[in-house]
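Chain IDs A, B, C and D follow the sequence of writing; residue 1 opens each chain.
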Amino acid sequence: MYITETQIRIHYALIDQMGFVYHGHYAQFYEIGRSESIRQIGYTYKDIEAMGIIMPVVEINSRFLRPAKYDDLITVKTTLKELPTNFKIVFHSEIFNEQDELLNTGEVTLFFADAKTMKRCNMPDVLREKLAGYF
Amino acid sequence: MYITETQIRIHYALIDQMGFVYHGHYAQFYEIGRSESIRQIGYTYKDIEAMGIIMPVVEINSRFLRPAKYDDLITVKTTLKELPTNFKIVFHSEIFNEQDELLNTGEVTLFFADAKTMKRCNMPDVLREKLAGYF
Amino acid sequence: MYITETQIRIHYALIDQMGFVYHGHYAQFYEIGRSESIRQIGYTYKDIEAMGIIMPVVEINSRFLRPAKYDDLITVKTTLKELPTNFKIVFHSEIFNEQDELLNTGEVTLFFADAKTMKRCNMPDVLREKLAGYF
Amino acid sequence: MYITETQIRIHYALIDQMGFVYHGHYAQFYEIGRSESIRQIGYTYKDIEAMGIIMPVVEINSRFLRPAKYDDLITVKTTLKELPTNFKIVFHSEIFNEQDELLNTGEVTLFFADAKTMKRCNMPDVLREKLAGYF
């Protein structure tokens, strides 16, 4: 398993008139968690795109347990439970507030695809090698 | 079943550098579909909030089949398959492009809650009555 | 002068915890107004990009007079006061609520630029010809 | 003068199909800069709202000099040039990339207002006292 954590300060733009983070913004928190997760193994999603590979999201499942509020410093815990063997990668996110209460869980499935042909492709070797030690 | 449709023009702010609608924005399309769905039975979500009831989202499940692109005129088909009997309501969304291709499906579960106490409550009678004829 | 109007329904995602449309979202309303303005002369911004020309925003000046609120149906009035003679185009936006109160004014300056070289270029002739009759 | 700096990592959601941060998102960068600016004097915008005071934005003027791109780590430099003497406060923002190139400048004017009556009010004394030493 490969687990990383990153923190996000909730700014005003993200809050709705219930006083909660609008539910639609959690996908961005998952995205930030994933990109920091890749950065921590010494690679970036920007590098992946520079190789001509994109990673479209194909499925998201989210559960909202408690609201995040304005100025909360949330922690996004991002977990890769399995090393991908083909074109598909699944990240699990858990979001906690400063009281360590679980606010939200998300499961995001992405494909690796060739940016030009839009055909699915395998996970790049350079990424697999960097991750292999965790599995 | 209660089914409605509404159209949304994709503007520039919604598109990412892959040239696709950023996946996180679909939750907003579901939201627009739900609110127009309620409006078409002669009520509004604004009316519900004015009664002191809020509807936090507790779960979203999305599948992304094909990308929406800049300037696409998408159709959000919103379906209520069952009339809620308690505090929980589930909306199904299907999003189509102008070629009638299915781009995305979403299932959004919301709770009815008292805005002051934040306790779950039943669907307001006024809403149930307006919907009852469809089930 | 070339003046057009378009309407936008304010959805929940746009409202902050003051109960107002978050100020940062008005740039999107101006954008929607501009794109519908171009569409009404029988062209689209998508067509412009397909010609290899992009229109980066170089300046925005906004004044916020009254707040827009949830479920408001706002009208964006977009005015082109002068036909551009070079690489620069300025759109003026005025946003009204259903009571015809002026909520916001915006002045947005964009450049025409070659998408490949990123060098400024003149307004495309096809666009100038379609607009010329209004000036 | 009171000057602070804060850094923001540009995530994917903020990028448009030109490959640039969508112009409408800069207002959020200014907001983050302002809120971190207040935090650094030992107060928060959340504290201000808890006192029953809100700070609606009444004017924004932005200039876009160079684009910010995906994964850029931008620095938002926030300057308060004058200590407010009444209900009005003006923040200046300058945004730099990692090469220390100036990307964007913004001038944001906000009012202090009573959240209940929506009437303008003076800057809270607690905030003025914390800032006074810088002027």
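Side notes on the structure shown:
Here, a contact is a pair of C-beta atoms (placed from the backbone, for glycine too) under 8 Å apart; a residue touches a chain by one contact, two chains touch by 3 or more.
Computed from a predicted structure; not experimentally measured.
Between the chain pairs B-C and A-B, more C-beta pairs are in contact across A-B. Taking the mean Cα position of each chain as its centre, B sits at the greatest distance from chain D. Here the spacing of chain A and chain C, counted between their Cα centres, is 33 Å. Chain B and chain C, compared by their mean Cα positions, are separated by 28 Å.
Here the spacing of chain A and chain B, counted between their Cα centres, is 24 Å.
Multi-chain contact residues, meaning those touching two or more other chains, occur in chain C at positions 12-13, 18, 24, 27-28, 31, 70.
Residues 9, 11-13, 27-28, 31-32, 35, 44-46, 49, 70-71 of chain A are the ones touching chain D in the complex. Residue ranges on chain A touching chain C, taken from their complex, read 12-13, 15-19, 22, 24, 70. Considering their complex, residues 18, 20, 23-25, 27-28, 31, 54, 56-64, 67, 115 of chain A touch chain B.
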